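By letter and in written order, the chains are A, B, C and D; residue numbering begins at 1 in each of them.
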Amino acid sequence: MGLKNPYLPDIVTITKVIQETPNIKSFQVVFDDPEKMKSFTFQPGQVGQLSVFGVGESTFVINSPPTRKEYLQFSVMKVGEVTSAIHELHEGDKMGLRAPLGNWFPYENMKGKNILFIGGGIGLAPLRTLILFMLDNRKDYGKITILYGARTPVDLCYKEDLKEWESREDLELILTVDNEYPGWTKKVGLVPNVLLEMAPKPDNTVAITCGPPIMIKYTLIALDKLGFKDEDVITTLERRMKCGIGLCGRCNIGSKYVCKDGPVFSLAQLKSLPQEE
Amino acid sequence: MNWDHYMEKRRKPLSEKGLREKISQILKEVDVVISWKMGFDPIHATPHFIRDEKEIEESVFNVFCVHNLTTYLPFMKEKVGIVVKGCDSRTLVQFIQEGLITRENLKIIGIPCSGVVDVKKIMEEIGESPVLQAEILDNSSLKIRTLDGEKFFQIDSVLAQKCKTCRYPTPLIYDHLIGEPIKSQIGWDKAYEDVTEFDKKTLEEKLSFWKKEFEKCIRCYACRNACPLCVCQDRCIAESRDPHFVSQKLELPEKFMFHFIHAIHLAGRCVECGECERACPMGIPVKMMKKKINYEMKQLFDYETGINVDDKPPMYTFKVEEEKIKEHEL
Amino acid sequence: MSQENKRELKIIGFLCNWCSYGGADTAGVSRFKQPTDLRIVRVPCSGRVDPLFVVKALIGGADGVLVSGCHPRDCHYSDGNFYARRRLEMLKRLLPFLGIDPRRFRYTWVSASEGQRWQRVVTEFTKLIHELGPLHGEKEKAFE
Amino acid sequence: MGRNGFLRKDRLEAYLNNLSKKGGLYVPKEEKGAIVFRKYSGVSELSLKKPATTPAKSIIYLQSETFFRFMFEKEGNGLDKVNVRIQENMDQEIRIIFGARPCDAKGFSVIDRVFIDTDTQDVYYKKRRENSYIATKSCDSPSSGCFCISVGGGPFDEEGSDAQFTEINGGYLIEAITEKGNIFLESELLEPGETYLEEKRKRKEEVERLVKEYCERVGKIEPLSPKLRLFSDEDFWKKHLSKCLSCGVCTYLCPTCYCFNITDEKTFYEGERIRSWDSCMFFHFTLEASGHNPRPDKFKRFRNRVGHKFMFYPERYSGQIACCGCGRCVRFCPVSVDIREIVLELMKSEEGGRE
């Protein structure tokens, strides 16, 4: 037939499970088909549909960068039926994967610019892929700043990465937690407030933010206050998705489908769409 | 079934003017009044949410006001005024029994009702031709002008099934009553003749009847959503994955299961307003299952739904010694 | 082997934890001979048995369903089986309306000490279901 | 139009019997209170008088279908981890639809744009669409709630049909519209149709006038501008949708609605992935696992439905409206929500208040 069936998942095997936080696990997977593993390409920010057969599919961003190809990594927060089922899985278990889906961060347009990453909780996942990608192409970008917050130190994801980033000279990492915590000596405060305190300059800078809806809401307000233009603010959206290819109709915001036309949108694009919660 | 003589006697015109005045009066005490107005054509009325004095003018009451407006109440947080027919009022009684509404937040305008029509039946008779005009002549017949011409109906011949055996034409609970109370002569047995008749069929006949009917079901959930007593709505177990009673397949077992869920969750609660059946676009007699359970509730517990606010629904209570339930020996 | 070496049928039993499950256990410990068609689901109380469990079982492939709880007045939770009695009686009367033989569903009371009664209940019910024959075909289920 | 032929009514049975040998033949059938498309089993059950209750959509775009089956397996001595094997479930049946209405067929072209004119084609739909042959019956008169002409269709509209037949002179004039439509003309039971063309032209004029007159009460429905202010006015939607029951009648009976759900079902060792119609009117449609729901209220859901059909879809597909005017959503809505009224009010507001 020759026609690709976009609904058929590839089988992947879990090679490693990392407990990031009490309710977030990262899963590294490889395609069972070695050819597929070799030929698979994607762009930073693109997503995949992981499926636990018999339970269902859910969308997650590929948070390992395209420049590191030994495995694909997904981080899963346990919230619903599918994510709970994924959390039950171990190394060696099989999943289905349909990837890559959706659009990606416009990193080509960011060359030569300063990059400000603002993440909250598991919202660091989509940023991670771009951060690692940029670090692998470090000379293409200006100053890189990462502001990352979580509820408590326990809820910070990618601790290995954070440690490494903290030690690097070529990027600035600011960590914050919502409330005072025994032994925590870094910043305390909500991400938008810390952002205002930092007062980064908007000149030649792109801000990329991802996190819980409430954090994004106030971060966008803060960025506006700081003088960031809507075109220079980029975020990723989440919606309930099923097909992942813009057909099933549920993840739309106006005429745009988050699964196909997104999940990456600039604030300028978002403002042109009907406002939903 | 001969019920004509009795309908004739009780059919009386209603003053819509009186209704509008009453709505105007209670609108001062509540946030919204739910009534009816004319819908997209003269034989389709539609629920009318009145928040503004200006909207009162549109409200109507006639044989096309088929909807049980109480279905919206359990989800409304505002103070509501509502217009009810006799049958609809039973829902209110049931709501109060189950604590689903607060009586103090409600103003009820009752209308003694001499029956509404079965709009589907009329649609069928006129071949779904567009209706241009509908007129009620001397309270007993209808003149309906469609694109195909004029047709006359005796109202009695197109009366909704539930109205033919209506036992409570006058609202059982109200703050204001428009018009004179109407009494019904219909006995309880008479109202359940359809159930007892159907039950006489063999098991095979009954199973194949329901298979044929449920085959048509498209799982649109209109029956559930139109049902005033189906208060789980967005939390319905028919749509949940855990517990997982029903899959998304469109096969008969799924449909049987869904309709069992609907009926069993209404055991001892269904007030037989018939909204489920009326809402069904596929013409499935979904009310029958519920009526059968009600029939058994009467046999077992001498209980009738939505009659007395102080009653307790039979499935919510028990007796240590059940007079009517005998241990089943093999 | 099943009753009279016929094809084994699927009978689902919902047994309350405190009485009937114990009754079944007593029957087992006492080595009372029982048919093997019954598959037991242990529930905390007969009051936990949603009539829809029974319906789901019958639609899903069971040929018979047996619910058994503590005798009235003996409920571990004092009144669970009183509610169960009303619900299950309602169901039993509804089933034939949909064309399902009400004899395929039975509810009864067996206490933990009544091993013999349990044996009788199971044996008789299984025998009855075999007399009625399978509800579902080998390939096609009754409601398809 | 291409070739044509005339079928006398008394030959309809023989004709359909022959047609049913060429593939699965689906016709509208009367089933106690509803007309539904079912496999042909005899001419006596055929019901062509009025449009079917459910559109022909479900014959090609099944309400529920299995994408693939999966099996959990182990190799050899079974000491390894469990493997999953996937088996695609592609439907190869030839489907012939006889007696849908022009609006039903037009609905398919709305769905085609989404499912086929894309780089990620819905192969299941596409396959079935390729394997299907649709003969529509031109309408004799409008039905209650119809508004095909208002949305650019009509009682003789050819869009999406492979062939069309018109009831005249005690029979049916069958005309092929596409190459595929010839399947309906390959029959020895047909007489030459040329002599009936004039009669059909007259009939067409007459019916179109009748339908037009009825649709004029509605007027022309145009795509809505994304800049429409009233569209984001919650009070407007609340006013119109307080009565909405949030059921799926309007979407499931709509020939153009195509939104779907994907769910898994499994027994112990195997299972299947199922695609089933979903409705944007349901609370669960957009409910996320976290509990967040971007469209928690029925009026927001309905706004999206109107938006999808008259604003978002036209934006994506060069001004085409995702509505064929069949009127089922109006006719069968249990509380008579009238989408025409809502769209017209939105359009009117645009005239006065364009930004």
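The rule is simple: contacts are C-beta pairs under 8 Å (C-beta built on N, C-alpha and C of every residue); 3 or more make two chains touch, one makes a residue touch a chain.
This is a predicted model, so every value here is computed, not measured.
Most remote chain with respect to chain B, judged by CA-atom centres, is A. Chain pair with the larger contact count among B-C and A-D is A-D, by C-beta pairs in contact.
Separating the centre of chain B from that of chain C, both taken as means of CA atoms, is a distance of 36 Å.
We define each chain's centre as the mean of its Cα atoms; on that basis chain A and chain C are separated by 52 Å.
Averaged C-alpha coordinates give centres for chain A and chain D that are 38 Å from one another. Averaged C-alpha coordinates put the centre of chain B at 31 Å from the centre of chain D. Of all residues in chain A, those that touch two or more other chains are 56, 81.
None of the residues of chain C touches two or more other chains. Across the assembly, chain B contributes residues 241, 251 that each touch 2 or more other chains. Across the complex, chain D meets chain A through its residues 67-68, 70, 72, 81-84, 86, 88, 114-115, 118, 120-124, 126, 226, 231-232, 258-266, 271, 273, 275, 278, 280, 285-290, 292-296, 300, 304, 307-308, 311-313, 315-316. Residues 51-52, 55-56, 59-60, 72-73, 79, 82-83, 85-87, 89-94, 96-101, 106-109, 124-125, 128, 141-144 of chain C touch chain B in their complex. On the chain B side of its complex with chain C, the touching residues are 195, 198-199, 203-211, 237, 245, 251-253, 256-257, 260-261, 263-264, 267-268, 288-289, 292-293, 296-297, 299-301, 314-315, 318-320, 322, 325, 327-328, 330. Touching chain D in their complex are the following residues of chain A: 3-9, 11, 13, 51-58, 79-83, 92-94, 96, 213, 238-240, 242-243, 245-255, 260, 272, 274-277.
Taken together, the chain D residues at the contact with chain B in this complex read 31-34, 36, 49-51, 53-54, 62-64, 141-146, 210, 214, 239, 242-243, 245-249, 251-253, 261, 263, 265, 274, 276, 279, 282-284, 330-332, 334-338, 340-341.
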